[in-house]
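Notes for the one structure printed next.
First chain written, first letter: the chains are A, B, C and D, and each begins at residue 1.
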Amino acid sequence: MPNMTMVQAINNALDEEMSRDQRVMLLGEDVGKRGGVFLATEGLQQKYGPDRVMDSPLSEAAILGAAVGLATHGMRPVAEIQFADYVFPGIDQLFSQAAKLRYRSGGQFTAPMVVRMPTGGGVKGGHHHSQSPEAHFAHTAGLKVVVVSTPYDAKGLLKTAVRDDDPVVFMEPKRLYRAIKEEVPGDDYLIPIGKAALRRQGDALTLVSYGGPMVETLKAADEMAAAGLKAEVIDLRSVMPWDKEAVLNSVAKTGRLLMISEAPRMASIASEVTATVSEELFDQLLAPPLRVTGFDTPYPLAQDKLYMPTVTRILNAAKKLLDY
Amino acid sequence: MVQEKIRFQPFSPEPIGLIDEQGHWIAPFEHGLSAEQMRHFYRDMLAARILDEKLVVLIRTGKTTFVAPHSGHEAAQIGIAHALRRGHDWLFPYYRDMGLMLAMGLPLLEIFGQTLGSAADPAKGRQMPSHPGCKKLNIFTVCSAIASHIPPAAGAAISMKQRGTQQVAVCTFGDGATSEGDWHAGINFAAVQGAPAVFVCENNRYAISVNIAKQTASENIAVKAHAYGIPGYYVDGLDVLASYFVMQEAIERARAGHGTCLVELAVNRFGAHSSADDDSRYRSREELAAERQHDPLPRYQRFLEKQGIWDAQWANELRIEIAGELEAALQEALQAGEPDPLEMFDDVFAARPWHLEEQRRLVAEELG
Amino acid sequence: MPNMTMVQAINNALDEEMSRDQRVMLLGEDVGKRGGVFLATEGLQQKYGPDRVMDSPLSEAAILGAAVGLATHGMRPVAEIQFADYVFPGIDQLFSQAAKLRYRSGGQFTAPMVVRMPTGGGVKGGHHHSQSPEAHFAHTAGLKVVVVSTPYDAKGLLKTAVRDDDPVVFMEPKRLYRAIKEEVPGDDYLIPIGKAALRRQGDALTLVSYGGPMVETLKAADEMAAAGLKAEVIDLRSVMPWDKEAVLNSVAKTGRLLMISEAPRMASIASEVTATVSEELFDQLLAPPLRVTGFDTPYPLAQDKLYMPTVTRILNAAKKLLDY
Amino acid sequence: MVQEKIRFQPFSPEPIGLIDEQGHWIAPFEHGLSAEQMRHFYRDMLAARILDEKLVVLIRTGKTTFVAPHSGHEAAQIGIAHALRRGHDWLFPYYRDMGLMLAMGLPLLEIFGQTLGSAADPAKGRQMPSHPGCKKLNIFTVCSAIASHIPPAAGAAISMKQRGTQQVAVCTFGDGATSEGDWHAGINFAAVQGAPAVFVCENNRYAISVNIAKQTASENIAVKAHAYGIPGYYVDGLDVLASYFVMQEAIERARAGHGTCLVELAVNRFGAHSSADDDSRYRSREELAAERQHDPLPRYQRFLEKQGIWDAQWANELRIEIAGELEAALQEALQAGEPDPLEMFDDVFAARPWHLEEQRRLVAEELG
């Protein structure tokens, strides 16, 4: 099996889906000759031509809205938003059109489209190349939301997203694009949307995270393991729908939940998960479900590292849970 | 049908008109329409007017909750409906296009089902009245958000071009819509791709209460086409044949591979913005009375008279026939009853995820 | 004291602030002669002229972005978004410009502006005249978010918002515009942003809500009271920042929390409040904090009433809490 | 200074130019500039070029993380800087305007403080390099989101008009920015209000890798002004005096109450899009070499020679002097050290609400 980085796995998934299905096409800013600013679409325009790998004008509304029209007319568009931070000028096309089209037409029209976007911090991107807007999508009925953390998942989930009959927001933590290399099957495989991955087995406490902070979460878990404390680690992979069953099963076992995410804390995915666990596992909880999240400030370039959940911050919170 | 020759010039300082106020055919070419065709335009305009009156009655009698009257837009809308290939081309309409959709063959039962939000609504009563759609007829379901359907129309047109379907995407909107960013972004994308999209502004010079003078400083809407390197046609939208022939040329031009264009149909809005509006707050009754002098129906009637095919009795019978069809469909839509409350949880996705199952169960238990 | 509906109180607050401060101006769609589609600005253009009560073109980005420029140049703009559902075509101006201007300029430039918007369901508005998007604003650092439920609060909080030095999103539940009439001082008074209101004293359990569902929440509380169960009822009024102290004090006393909101459930204000309470009052809780919220579907016209928290739904959840 | 007479016509098919490639003054009017003024343009263009080179070096040496080179834009940017009233008019710039902001008097220490994100940055190192701003100089802090500063510029201009401040809002952006919805919405609002705003496109024909041919189908950017009923000036932005005189006329026209306009300055982008880009992937080296033949600095030098005021020794001393000033400021900015981490929680609001106090405390404890 070939070794791939996440960005290579994404490129490979797009390539396979495009050759499998003529209706699959890519559009976005600089996805053509440039291959995308992170090279996720590198080589695909040369291979499939400028119609199926289309450089769009500089407008997210044009990209996302055109994707809705392409999809409802029978294509399978994969739109790229150059940075998740730039989805907002076009977000009404996702919220008013894509998310509500099936519903408002009583199932007559649908928008099977994928919206790929590099997300999260850690690359010295400052205000507008670091944000993690998944909560906005999850809060909006009609969108599925995936946030990957490994090359293997990236390929399997992206292929599933392309074949899904509803709009899927596919978020790629940019700091992981080239951070990890792992074996990724060179052929077809799918990973279902909505299923979490168990990254570590343990009984001391449950660490739940997704996307970029999976790195710090696993580091923290390993440090604890070295100290003889086995944490169970769950990677949600999908945040809408999120795998409640997997989380409840684990917390029912450990009685302790620490939710880690780099998005701002207020009304976030982390809030949703801990709120749900408190509602449903009240009696099994041995300590209050805690959150380690990004801060409720714009993303500060100067504190690129400090803003995101650090291993220390995760370990401190875990200690609080265990000492409780 | 591909035009043998180009009949209309873009960016004319005055609106293109083919029939004058007195009903004379003033075009430099023969209209070449049969009596049957000419009567058909009248029938559809009349039906649109009667539908409008009917919907207003439904409001007064509390049977429906919203209507955006299209009286004054009939000539423009019927011109569009006759110019596109029904069931083949796509229409991306807006909420004031009930006359247009009726003329395109949207079933009366669906129209009234949607208006009443009864079980006869294919969309299960989820949207406000005046927001229909029909997959069979390629009528993209109306979305309230102004101009949000422009980029989707561009996308569909790009798909039509890439797949060589010989279809055209016709997208309608009002003058206010032209100020939205999505309007600009969508037309620009279609134009740069040379996609077969015809963007049509039904310019009634008002966005609710906001007069066009506060909406844009451009000479007219058609000149905005310069920004996209496409032709912009400025047309008298109270003249059904001007609307028809220009739309036909625009659509066939797009079908023939000559790309995107913009058409402005200058119309009047005879009613308030909607049943929720009181236009006396911002529009003088004198101004309105003056507008009403320019009613597209009487003008076209004068044309038919000049053409020697006007028959008052025929018109009266037509009125009665149409009214009857509408009333019958209304009754059927009323009979259909309420949609099932639990349908609230369908069509969010192709299948219900766990959280919607839970929420559905909660309501199911509540309803017992 | 004059009796006023909420919409009259808002009109009165705007009138007072405009006569108090020349820099205060209004802009939005139909705010002029039309007086706004709900008549919140009725009569103000006649009184203050078309410059200070400005009909804008039909673009939320133009309205919100111009407000940022007006504010940073020294005016005190109050922008009206005709329906909260229509904020999305212009939301990047709130998120990228208004919310981050003070931060990105190191305090050199600020955007003291108010964004008023009718919000919520219950008026047969369907998909695009019924949504409650407050979570999107609260999740975005740099915005304050107020959701009022009474005429008195509407006036006092709107006047405070106009004088605030940061952008404030001011949400007005449209179904309450004319539902309630109460005595509202005809002169100047302010209500601080971030302070909740105690609507009922009680010890059986704590009901926390804000905006439209305050109506059903109080009805439920009164039904319980009639049955001899005194619920404490807190109206948050501000959701960013929300009054944590008031909520914690009450739940510390009652041990039971029911959070009610009509916005979709996933990653909502309701999630934030219950998550925080579980974190901080774990030992004092006698039952799991529960949520009654809107559903995670687009807003269905046909189920305009059923979609929102009903009194029955609130009573059922309260019973669950009390029987726990 | 208000123009006695109008010198320039909008919507010219060819770009307006006053100096030809050989350096001849080809305008139908006298430039009326003193030798001092003529040298000043050169000094500022040279300083801009040297700053650009310096920033690229800071990237290579890993001292900074980002730069968007402006080489090829100098004539346009210096023309703008000289046309507006510094400290009185407002500038709404974008990230490629470092040369423009330098010429407007943005202190070198602030420039390098922002570039390094050191404590010398008034914005506390919060944004990427090339994103400065300065309240004293009315330079609106750069925001990465393309075209998001257009509506704010419109709003500021509306305020200027209402309060009669005699100010003008000058707003710059690239060719790609013209496709954004906010670009359209903002200019339309300014135009309909007749606000004193001058929107300036530095058209280098690329948006990162996307050539203008894929960006828009319009003849040029200037014609997009038709959509707003305002003049659009098409100018050779490699000609510093054409840029200056047209901008001056546009700005004074706005100041005199004649409203909004659009100016297109046609320039070249000599570098990659940014330090994160590799333009060899999408732009042939031949194309680039050809562009480099049209460098605004040598052309203006030839003009000075023709005017008989070119002095090679002066130019060399100037280069050394500027380089020295830049190096000194860089060192001072380096000395300033890192910003305080806890400043992360300041300036979100005028005062910190409880949740930011809590989050700040958490980090304070962590840092010990």
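Throughout what follows, a residue touches a chain if its C-beta (ideal position, glycine included) is under 8 Å from a C-beta of that chain, and two chains touch if they have at least 3 such contacts.
Remember, predicted model here, so these are calculated numbers, not experimental data.
Peer 1: Which chains are in contact with both chain A and chain B?
Peer 2: Touching chain A and chain B alike, sorted by label: C, D.
Peer 1: Compare the CA centroid of chain C with every other chain's and tell me the farthest one.
Peer 2: D
Peer 1: Using CA atom averages as chain centres, what separation in Å is found between chain C and chain D?
Peer 2: The answer is 40 Å.
Peer 1: When the C-alpha atoms of chain B and chain C are each averaged to a single point, how far apart are the two points in Å?
Peer 2: 36
Peer 1: Any idea how many Å lie between the Cα centroids of chain B and chain D?
Peer 2: Distance between chain centres: 45 Å.
Peer 1: In chain D, what residues contact two or more other chains?
Peer 2: Touching at least two other chains: 124, 126-127, 131, 143, 145, 148, 179-182, 185, 188-189, 192, 214-216, 348, 355.
Peer 1: Of all the residues in chain C, which ones touch at least 2 other chains?
Peer 2: If we look for residues of chain C contacting two or more partner chains, we find 56-57, 59, 61-62, 85, 88-89, 92, 96, 100, 103-104, 127-128, 141-142, 266, 295-298, 300.
Peer 1: State the interface residues of chain B toward chain C in the complex, per the touch definition above.
Peer 2: Against chain C, chain B makes touches at 65-66, 117, 124-128, 131, 143-148, 176-177, 179-182, 207-210, 214-216, 276-277, 281-282, 338-339, 341, 343-345, 348, 355-356, 359, 362-363, 366.
Peer 1: Can you list the chain C residues touching chain A in their complex?
Peer 2: Its residues touching chain A are 61, 85, 88-89, 91-92, 95-96, 99-100, 103-104, 127-128, 135-136, 138-142, 240, 263-264, 266-272, 274-276, 278-280, 282, 285, 287-291, 295-298, 300.
Peer 1: Please name which positions on chain D make contact with chain B in the complex.
Peer 2: Residue positions touching the partner: 179-185, 188-189, 191-192, 194, 213-219, 223-224, 226-230.
Peer 1: Can you name the residues of chain D that touch chain C in the complex?
Peer 2: Its residues touching chain C are 90, 121-124, 126-127, 131, 133-135, 140-141, 143, 145, 148-160, 162-163, 169, 181-182, 185-186, 188-189, 192-193, 346-350, 353-355.
Peer 1: Could you please specify the touching residues of chain C with respect to chain B in the complex?
Peer 2: Contacts found on chain C: 29-30, 32-35, 37, 55-59, 61-62, 85-86, 88-89, 124-129, 265-266, 295-298, 300-303, 306-307, 310, 312-313, 316.
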